[in-house]
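Scrolling down, you'll hit the structures one after another.
Heads up, the next two complexes both have chain A, just with different partners, chain B and then chain C.
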Partner chain A sequence: MSGAVHNAASPPSAAPPRTARADDARAAGRDLRPLLVLPGLAVVVALFLYPFLYGLFLSFEPLEGGALANYIRFFSENRLYGTIGTTLWLSLPITVLNVGLALPVAYALRVPSTSQRIITTILVVPITLGTVLAAQGLLSYLSPQGWMNRALLDLGLIVEPIRLLHKPAAVVISLVITGFPFAFLMMLSYVTGIDPTLARAAATLGAPAHRQFFRIYLPLLAPGIAITFALCFVQAFAVFPSAVMLGAPAGPTRVISIAAYEAAFEDYDYSMASAIALIMGAVQLGVVAFVLGLRNLAYRGPVASGKG
Partner chain B sequence: MTASPIAQRAWNLALGTMMVFFLLNILAVIAVVAINSLGRRWFGGWLPDGFTLGWYAAAWGEFQLSSVLMVTAQVAGAVVVLSLLVGVPAAYAMARLRFPGKRLALLAFLLPLLVPPITYGIPLATVLYQLGLGGTIWGVILANLVPAAPFVVLVMTPFVEQIDVKLEDAARVFGAGTMTIFRRILVPLLLPGMLSAGLLVLMRTLSMFELTFLTAGADSQTLVVALYYAVFAAGVRAPQSIDAMAVIYMATTLIWLLLALRFVDPTQMVGRVKAQRA
Partner chain C sequence: MQNFGELRLDRISRHFHTHAALRELDLTIKAGEFISLLGPSGCGKSTALNCIAGLLSLTSGEIRLDGKRIDPLPPEQRGFGMVFQNYALFPHMSVRRNIAFGLEMRGIRRAEVNQRVEKALKLVRLDNLGDRLPGQLSGGQQQRVAIARAAVIEPPLVLMDEPLSNLDAKLRIEMRHEIRRLHNELGLTTIYVTHDQDEALSLSDRIVVMRDGVKRQEGTPEELYQRPATLDVALFMGFRNVLDVNARQDGVGRITAESGAVRLGALGQAPSGPAIAAFRPDDVLLAGEEGQPAHVGTVEYCGRDWLADLTLPDGRTVLMRSPHPLTKGDPIRFTVPPERVRVFAGEEALA
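Presenting the complex of A and B:
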């Protein structure tokens, strides 16, 4: 493209002086501008890809035993392999709940309005504040003397305070408080990206509201739902601060990130820690691949069957 | 059209009630922290017995907040500047140019945003400690660049795309080199985009717990990590002074949010990049 500009330019004698290197590169027909991507790429390669590979190799060099000793140990000790189940059991239902609630609410708010503006503004606050602050707030809010128990007592719904702290329930609540806004804002950006004239056309042809949703919006939203689900799941699966602060990190909410953290910073066994981090990544990848695979199935169905 | 409007209305009412309930709970969780930080004593009851600002003075001294805030400002400032420096040129290349390996480059920029920080943070912290950067402020800055730089690339790409190529071509016709075009044409036109990308990176860095937690030493903690340690070691300190620190953290984060909301749509904060067309 620069070549075309060059040809269209005024005669060479009128051109102002250029640096010799730029002229050489141009004469050789090379455009050096793609090199601009290199500094950014270098950050990712040096600080993301290299540590991953380093961790991969490190995980096969355990402190003692053969190359696979870390993995064998992980899958033979209940307090290690059990964390996969614990984490999945916390994160999968929560993700289904968050995405399942976000979809209808985002759909109901698809037209720009004051309430859409207010709700998105309030929901962006917990995302901005992050999990540590949400956990700190919930520690007071859910405590036996906290506002939640007080409200339930005053309303006569309970006779004595419910104890939620340092149990999985508190972690679940914190995952909803930070996860639902994330799912909602993602779903909202997908829903508002769909041309509303499609639904209007369906309405003109007599489709009632629920059919407009199921026949127009839902198929178009399928990729967005799959990606939102995958991202929400990956975040919930990596839950760390709230599982420590609100849950029972030694027992029912000993999630896999706690096991990895303990291996690295309490046992100083970086080899084992890398192995656990890679297993964590592999489980995340597995679930994400499964979800995206489902979305492909759902997408191909209606297109392939040309009979309907 | 014919399906019962009553069912439709009941459904909307249910959704609305649920949302109001959810929003009230979020506001209450935040309000509890703020009220407790101002309360003299709070045993039961809806509100504390009296109000005081004393916990802020206590927290300021107990948690060495002046040095923590200094570290936080240095980390956030360095991450914003460095991520813009490497991210904007990369965004230009991704938006405008075709080059071999572009799809791989896009994948490389997407991965750090899709993999959760705690997953890659542990191998990253291991490498940084091997290099002697673990526990230092430079280690914290480098770790925070991993999600920040790709984030800038993805946020800036549509901003570059919406600048008319003819402007660059015209400048080139008049003899401007790539550097001059960058300085005189692209940077001024990209300023709004750089402002929103910078603000978003700033907020993400302030609230980035996992990476900072894994790489920070005692004197390179940012505010959110210091808050975590304060809660973790609770019982030693008065809960009110921990809440005072939490309010200071909220203030530092929400000021930027208020500013950011003037430039960006809330849906952009979750990282999905909307293609903006002029």
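Presenting the complex of A and C:
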């Protein structure tokens, strides 16, 4: 709108010099188009880099003690450093479970079919729900008076309600519900990207189904499995809502994000909270780097065959 | 390597939902033969090949190898080598490992595997490229690896599914020789699927022409080239001139085919009445006063010769391949030797 006003207001002779200048810049070999990246860069700096650096510096300015006091405290208090182990102990098995389930299901559904479409559609729903809604739903579903226990009791399969809530098991279930569809959709796109003729060729060369999978599909899927694992792990590692709502946030599911939350919003020690957040990031980065490092050992070229 | 006598296809059919891709195909392949399944796309030739390989199950019919039924077996238990149109080389394995794959699946000792792989590499002239990945090879080289991989397991039968269609014209002719050389040197039995009549003619001992899932004709390349049994086979074999005529038996084994001002002689038997006469542009010859009158239309220069449209007095067109240059608009007279004209009537004339 302002541009239109400007054009209308400025005399017609105002336009040519600007065009001429742009032409000059192009003639001189100065392409100004890369400048278009600046707005995006500004957003990244403002929303990611600045908070990150702010938190980094904040973490070295503890309420009391030297620059490293927060870190020293974190690694000397069991209830703090212990959260790393707790979080890994929850998130790694969940990730293995999610990817481990997603791979065979995606492999079984690799040929496009009606059932592939239906299952894919059904699985997209939990992704859209988000962890909070899934946790909320499980809270009533798994409770001693919930559907599951009522049904099992009425069927006479159990004598007293199974208590799953406020234990790590409930957190695992909730994170599988939200994490599995994500892992499945990723694995499905990797599996269907592999030329099915390769397996047919292996079959004519004498490879039964399991060897077609282990000798052809698995090596070609390895990089995709690594990426899926890394992304699923990051999601599971940052678990907060389900650990608080479904788990035992004071005990076995006291994950690292809970420790950061307590530092920030119960102790009002933002410096400590920043330090915990950075340690959390470093652990994630370590695991992801390790997994992607393994990926480099696998074949990473095209997964089709031939020139056709 | 000939550890079998014959493979017999007994009325094999394959339906996809309600569509019959392959209908009651009967075929016997003897050890050492090179057989081509020839036809346009969608004729069922690839379906037939996949059924033989075990990659598609049969809707009905039986496949027997020396009398033993093999159609219920999965592909890995049939042990036929297959060369795919897109080669289907395993992209994460070196050329050597690709070729070794089939041998490893058979549990052959490593020393023997290595020895046979080296021999196969030499045979396809790739001995210096054994450690490359398929992605680092040219199309022709990938094709050789695919053939070596299928042949190294010494299968009773090698199945090739349009293996040359992804190569450029020059390489295609080279690889054609190569395939026939390997077939002979290794004593293979080959079933070759193609839509290219030149490939089929030059490679095969026997050709099966297919259309709409049905075998239309089976015979040696010479038989098919000279005596196509039906119009559609004739069209596929280069009989590009097709005229609606009235046929009449003119003595034993002689036919006269007339249509307007055109009168052609032909050999064979035909019921009197409407029919179709077909002949190749190559068999149209310049003639004296006794020939058929026509005018020269467009002339194409083809290197060795000229391809001309001849316009008949009634406006129809006949293609002629001439060793001499022709001038557009000139009146000429032409003739076609009777032994080169095929007359199809009734069902034979359906194209």
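Throughout what follows, the second predicted complex is superposed on the first by the 275 of 308 C-alpha atoms of A that agree within 3 Å, B and C clash if a C-alpha of one lies under 4 Å from a C-alpha of the other, contacts with A are read in each partner's own complex, and residues count from 1 in each chain.
FYI, a contact is a pair of C-beta atoms (placed from the backbone, for glycine too) under 8 Å apart; a residue touches a chain by one contact, two chains touch by 3 or more.
These numbers were taken from a predicted model, which means no experiment stands behind them.
K.L.:
Just chain B (first), just chain C (second), both, or neither: which does A:Leu198 touch?
P.N.:
It touches chain C, and chain B stays clear.
K.L.:
Between chain B and chain C, whom does A:Ile127 touch in the aligned arrangement: first, second, both, or neither?
P.N.:
first
K.L.:
Quick check on the superposed pair: does A:Arg215 touch chain B, chain C, both, or neither? Answer first, second, both or neither.
P.N.:
second
K.L.:
I'd like to know which partner A:Arg79 touches here: chain B for first, chain C for second, both or neither.
P.N.:
A:Arg79 contacts neither chain B nor chain C.
K.L.:
Looking at the overlay, what does A:Arg163 touch: chain B (first), chain C (second), both, or neither?
P.N.:
The answer is neither, since A:Arg163 touches no partner chain.
K.L.:
What is the contact status of A:Pro34 with respect to chain B (first) and chain C (second): first, second, both, or neither?
P.N.:
In the superposition, A:Pro34 contacts chain B only.
K.L.:
After superposition on the shared chain, which partner residues are touched by A:Gly206: those of chain B (first), chain C (second), both, or neither?
P.N.:
A:Gly206: touches chain B and chain C.
K.L.:
On chain A, which partner touches more residues: chain B or chain C?
P.N.:
B
K.L.:
Quick check on the output: what are the common chain A residues between the chain B footprint and the chain C footprint?
P.N.:
In chain A, residues 203, 206-208, 211 are touched by chain B and also by chain C.
K.L.:
Looking at the complex, which residues from chain A come into contact with chain B?
P.N.:
1-2, 5, 8-10, 15-16, 18-19, 22, 31-45, 47-52, 54-55, 58, 101, 104-105, 108, 119-141, 145-148, 150, 177, 180, 182, 185-186, 188-190, 192-193, 203, 206-211, 231, 234-235, 237-238, 240-241, 244-245, 257, 260-261, 264-265, 270, 273-274, 276-277, 280-281, 284
K.L.:
Going by the contact rule set out above, which residues of chain B touch chain A in the complex?
P.N.:
Interface residues on chain B, with respect to chain A: 1-3, 8, 12, 15, 18-19, 22-23, 25-30, 32-33, 36, 43-44, 46, 85-87, 89-94, 96-97, 99, 105, 108-109, 111-112, 114-120, 122-127, 142-143, 145-146, 149-150, 152-153, 165, 169, 172-173, 175, 177-178, 203, 207-210, 213-214, 224, 227-228, 231-232, 239, 242-243, 246, 249-250, 253-254, 257, 261, 265-270, 272, 274.
K.L.:
Can you list the chain A residues touching chain C in their complex?
P.N.:
Its residues touching chain C are 195, 197-198, 200-208, 211, 215-216, 219-220, 298-299, 301-308.
K.L.:
Name, in rising order, each residue of chain C that touches chain A in their complex.
P.N.:
Per the touch definition, chain C meets chain A at residues 53-55, 74-76, 78-82, 84-92, 101-102, 105-106, 133-135, 139, 142, 149-150, 153, 159, 166.
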